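Structures given as structure tokens follow.
After this come two complexes, each holding chain A, first together with chain B and then together with chain C.
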Partner chain A sequence: MERVNPRVNFIFFVLVSGITMFSLNPVILCMSLVFSFLICATVGMQLDEKKMRFWPFVPGIIVILVNPVFSHNGSTVLLFIGDNPLTLESVIYGVVSATMLVSVLYFFICLSYSMSDDKFMYVCGFLSPKLSLMLSMVFRLIPLMGRKMKEADEAARCMGMYKSENIFSDIKVKLHVFSVITTWSLEHGITTADSMDARGYGRRRQSFYSVFKFTLRDKIYLLLILVLGIYVIFGIAIHKLNVSYYPDIIITKPDVYTLSLYVSFLVLLISGVLLNKKGR
Partner chain B sequence: MNYKLLALVLLVLLLTLYALTITSKRIRTGRMVVIVIMTALSVVGRFIPFFKPIAALSIITGMYVNAGSGMMVGMLSVLISNFYFGQGPWTPFQMLAFGLIGFLSGVLSKYLINNKTFLIIYSLFCGVIYSLILDVWTVLWLGGGNLLEKYLATAVTAIPFTLVYAISNVIYILILNKPFGEKLLRMKVKYGI
Partner chain C sequence: MSLIEFKNVNFIYNGEDTESLSDINLKINEGDFVVVSGKTGSGKSTLLRLMVESVPNYGTVNNEILFDESIKAEKGKLPKVMYLMQQIEHQIITDKVWHELAFCLEQAGLSQNEMRNRVAEVSNFFGIEHLYKKSTDKLSGGEKQLLVLASLIAANPKVLVLDEPVSKLDPITAEHFTENLRRLHDELGITVVVAEHRLESLIMPADKLVIMDNGKILLEGKKENVCKEMALNKEKYDIQAFPSVYKKAVSLGFKDKLPLSVKEAKDINLDKILLDSLNKKQDELLNKDKDKEKPDYILSLREVCASYDKKAPVISNLSFKLAQGKRLFILGGNGSGKSTLLKVIAGVKKPDSGKIKASVPVYMLIQDVEMCFLKNTVKEELLSVYKSLDDVMIPLDFSDNYLKRHPYDLSGGEKQLLALAKVLSCAKKDENFLLLLDEPTKGLDETQRENVEAVLSLVKAAGNSIITVTHDLEYASKYADYAAFLFDKDLVGLSKASEFFKNNKIYTTQLARLTNGEIL
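Up next, the complex of A and B:
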């Protein structure tokens, strides 16, 4: 069984990171943190060269440290630093928003792990075939330019242009190489454009080809994700998951409806782990 | 708290709408290829150490080709290079900033090409604008109340970075303006893109 259709996966990540960003509910955030970690590990494990990254914790720690400095709201004063009160509420708010930030960053890492260039182009294809074509051309040009750049660089080295006396002359040679690449790629681009025109590009409405298929299984997944996601978003929109942090921390008592929201978010996240797990 | 939602949704909508309008119009194949090449160049250029040419190349494309192309180069190069340098919630903000820079330079192209002092002032201004737009992201992400106060504080703390952006921007523009201008104008004259 192959992995799920990239468009479905993309919609999953948009939904999940959106819900995480806009609810400041601690239960939701804890679930997001745990599952963003889990999904990142499942996706990252399949790509051998990429190990788990831990840099998202750095901005998280910064947010925890910075928040009490700026906001002195809250009724429970822990201590005074100079004239400014340090309140329990602002510390907790800092921790909550740091959790949000870290889990959103992990979701983005997952997204870029699981989206290769061709998948990204496929995802953009529904927006406009022309945009997708442009993206594919850029993705093709980048390695090509890298190779040409290396060639030009070696040629410059052979010609003895790198004196390595001072750094400025070397930078000048690097810029010269960059300029060579520019001229080459512009000339090359004109050839491309001409041959595209000759083959009748832009004469008619464009169609879009891709190797990915939209199977019945994808449809079922998509339906499941959309229903669960929209249910949770609706709950957030009618303030069912609201938690107020200032001046006092007030969590509305969970009733059946709130519990159902938590459960559906959990199911959404679990389905995400399954989506990103490669079969066999 | 809902400022964050509002800002992000508006931004994404705006960028999508713009991308759709520019791509649904019939742009000439040659111009499309030039946009693609400038985008690829600024992505590749970002790999050279200490060389961050996205702003400079969007400004130059805006100046010598047109406003829409400048905007497209700015937005696409951030979007694509962030695949290599880290995608995140800041991507739409960066796209907005660079797109705006490219677009503005297309609008002001007449003055920018003829007047070097104006060009230098404009690229300083672009560095500042970029920094200010990204500060909005930082503040929205800190969340909580006192947004204006936090914004001012962030902007003040970011002054060294703003200066680095602005000054490096001027340096790149001064280095790249002449060769790239010549090349793009030659394309215009010779091939009529």
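Up next, the complex of A and C:
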């Protein structure tokens, strides 16, 4: 069974990716990287067939390589490439932004893993029942149209329309298939609208049915992550976690307060691992 | 007090000049189970749609349709008359089963608790709990139909209006659906109005019959009375839609106690009468089936396997041969892999292993024939594949009214014919060919079926072979040379059609069941 309500899970991911994106603090980013990878692995492992994805590292490496080439700020010059200086600060800044990018990408992968269509709808239903109904209809229409597209293609094939004389005749058949689908979807739209009318659509303000429950544990989790998250965000807002990279790297001296911020973020991330581990 | 009352109602669709319904006088009383029967185009669907206030009718109603206070449409309330439309696929609105079940309830703005309760109740009543979290796209036709019915019932209607709910289902699924309707009527006291052009499964629970033709009500009343009246004036009425035991009894001159099921037929000893008459003819029949030529095989399959998912093959080690100029019917339940087999033969789907050899070109007409249409009128559609209308080999209705219609507005049988015309246009240059048909009679009435069949017999007479997939047993028994059953990924019992239907005890026609296979 799911361990946690999708809305709580959604809020968790919004909080951690937000904090990751807006603090350029290396400690925070290191924690984010480790834990985003960890959560992704736990979630991914529970879904069979899904292997761990490593592609987020590719844009990460590109950022590391590209940043020093284009940014020449920084006071410590390592060497000159042609006329352009390569500075220690820009290299470090590149590594830091890459870490940020990779961890945010991993958080998004986690989100897409743990948000199936119906969970996503549930999260949106919180905003507006109309929006969530629309999403639900779109989620129905897309696979249906895909299937019909295949059917129309097969129909054309079975009637011997693909003669494969040249590429143009094939394109013509594809256009034919597309036009069949257009007609079909218009028809579908009209009938579905009638079906909605017949079932009392738009008579009253809608409510929203959900298969998910908001349990006591969800409330506790929500309270926990909100308190921790807002505490950390407050810390960022009052520049307690500020690090400046150009022209020199300056890290504010850690005191008890910054330490408490680090610990809070760590606890927030650990709770995330627990949230996304399936129960039983 | 009747719930719905039609008083001399006429109805014209916008943009047409002839009345689609005329002089309709009809009362639907509380607790009725009304079956409206008639050919396609007789106005059944139009009549049904007028009973549902909540959907637009795209036309003008003259005179009055009275609705009882208790079912009148009101603002801010769910409709009390719920409507199941003909198009199964289009009327499903959402992507998940649970959402579909809750759709009406969401519209009524019920609280979470109330909704959960109702959804639980209906899924329990219909036994569809196991589907609860599935995608609606993954359901079979029968499951989809049941899901929509359940979602309507969740809204607690007083009247249920259903437009051809079972004509597109296989016989077993249709029986299951009908049984659910009977329970709704008997256990929940819901008034049911159903339109259907084939009555085999629906006539048993019905207590009132309405016979329609050409936009008029020919006959209406208690089931027994209508059945009797039609038998007495069999020249005047068309009894094609009725179960075959009834038709047989009428043709034998029965006037009273007309049977509607195999059991009722046994009660009046129809089986004995039929078998007696058979003995006299037996000798003639014996000399008939004796052609022992070596046939030309145009298609042979050897140990073919096919699957969509490697773990679950749909067809496995299937072998058979088909001779030139023969018709093979493949029967089987929904999801038994019949369509997949056709796709493999047509070469649209690659088999995993095995050999398929066809010595003639193969053409196939897929199940959803709408997928063949792309023009705005029938005429354009025909001219897109034929040089001129004179080249069309199929006897179509070439009137202006027909040619200027949109292909989607045609009736099921007309669509089938038009699609056939398109497929045959591609095949005409070949000397011989093999035609594959995927449920060509799905949702067609008797007359339309015969029209399609007329074309197919032309095709066969030209020396071409046809493989038809169907679950229409009466149809298969009439026209098949060979028949087989697709079961457990393999063809079972491939044999001459007469033997096939004789050997089958359950999966066979009503008359064969009655006479133990002696008469089909």
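Note that in this section the second predicted complex is superposed on the first by the 278 of 280 C-alpha atoms of A that agree within 3 Å, B and C clash if a C-alpha of one lies under 4 Å from a C-alpha of the other, contacts with A are read in each partner's own complex, and residues count from 1 in each chain.
In this section, a contact is a pair of C-beta atoms (placed from the backbone, for glycine too) under 8 Å apart; a residue touches a chain by one contact, two chains touch by 3 or more.
On a predicted model such as this, the values are computed, not experimentally measured, just so you know.
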Original post:
For A:137, is the partner it touches chain B (first), chain C (second), both, or none of the two (neither)?
Top reply: both
**OP:** Applying the touch criterion given at the start, work out whether A:197 contacts chain B, chain C, both or neither, answering first, second, both or neither.
**Re:** both
**OP:** Once the structures are superposed on A, label A:179 by its partner contacts, choosing first (chain B), second (chain C), both or neither.
**Re:** both
**OP:** For A:208, decide between first (touching chain B), second (touching chain C), both and neither.
**Re:** second
**OP:** With the two complexes superposed on chain A, say which partner A:110 touches: chain B (first), chain C (second), both, or neither.
**Re:** neither
Original post:
A:147 contacts which: chain B (first), chain C (second), both, neither?
Top reply: second
**OP:** Quick one: classify A:123 as touching chain B (first), chain C (second), both or neither.
**Re:** neither
**OP:** Give one of first, second, both or neither to describe whether A:98 is in contact with chain B, with chain C, with both, or with none.
**Re:** neither
**OP:** Overlap the chain B and chain C contact sets on chain A and report the shared residues.
**Re:** 117, 137, 139, 179, 183, 192, 196-197, 201-202
**OP:** Please name which positions on chain A make contact with chain B in the complex.
**Re:** 17, 21-22, 24, 63, 66-67, 70-71, 73, 90, 93, 97, 101, 104-105, 108, 111-112, 117, 120, 127-128, 130-131, 134-135, 137-139, 141-142, 145-146, 149, 174-175, 178-179, 181-183, 185-186, 189-190, 192-193, 196-197, 201-202, 245-246
Subject >> Complex interface listing, chain A residues touching chain C >> reply: 117-118, 121, 129, 133, 136-137, 139-140, 143-144, 147-148, 151-152, 154-155, 157-161, 176, 179-180, 183-184, 187-188, 191-192, 194-211
**OP:** Using the touch rule from the top, collect the residues of chain B that touch chain A in their complex.
**Re:** 1-2, 4-5, 8, 16, 19-20, 23-24, 26, 29-30, 32-37, 39-41, 43-45, 47-48, 76, 80, 83, 86-89, 141-146, 149-150, 153, 175, 179-180, 183-184, 187, 191
Original post:
Contact residues on chain C for chain A in the complex?
Top reply: 52, 54-56, 75-79, 82-83, 85, 87, 89-96, 98-99, 102-112, 115-116, 119, 132-133, 135-137, 151-152, 155, 343, 346-348, 361, 363-366, 368, 370-374, 408, 422-423, 426-427, 436
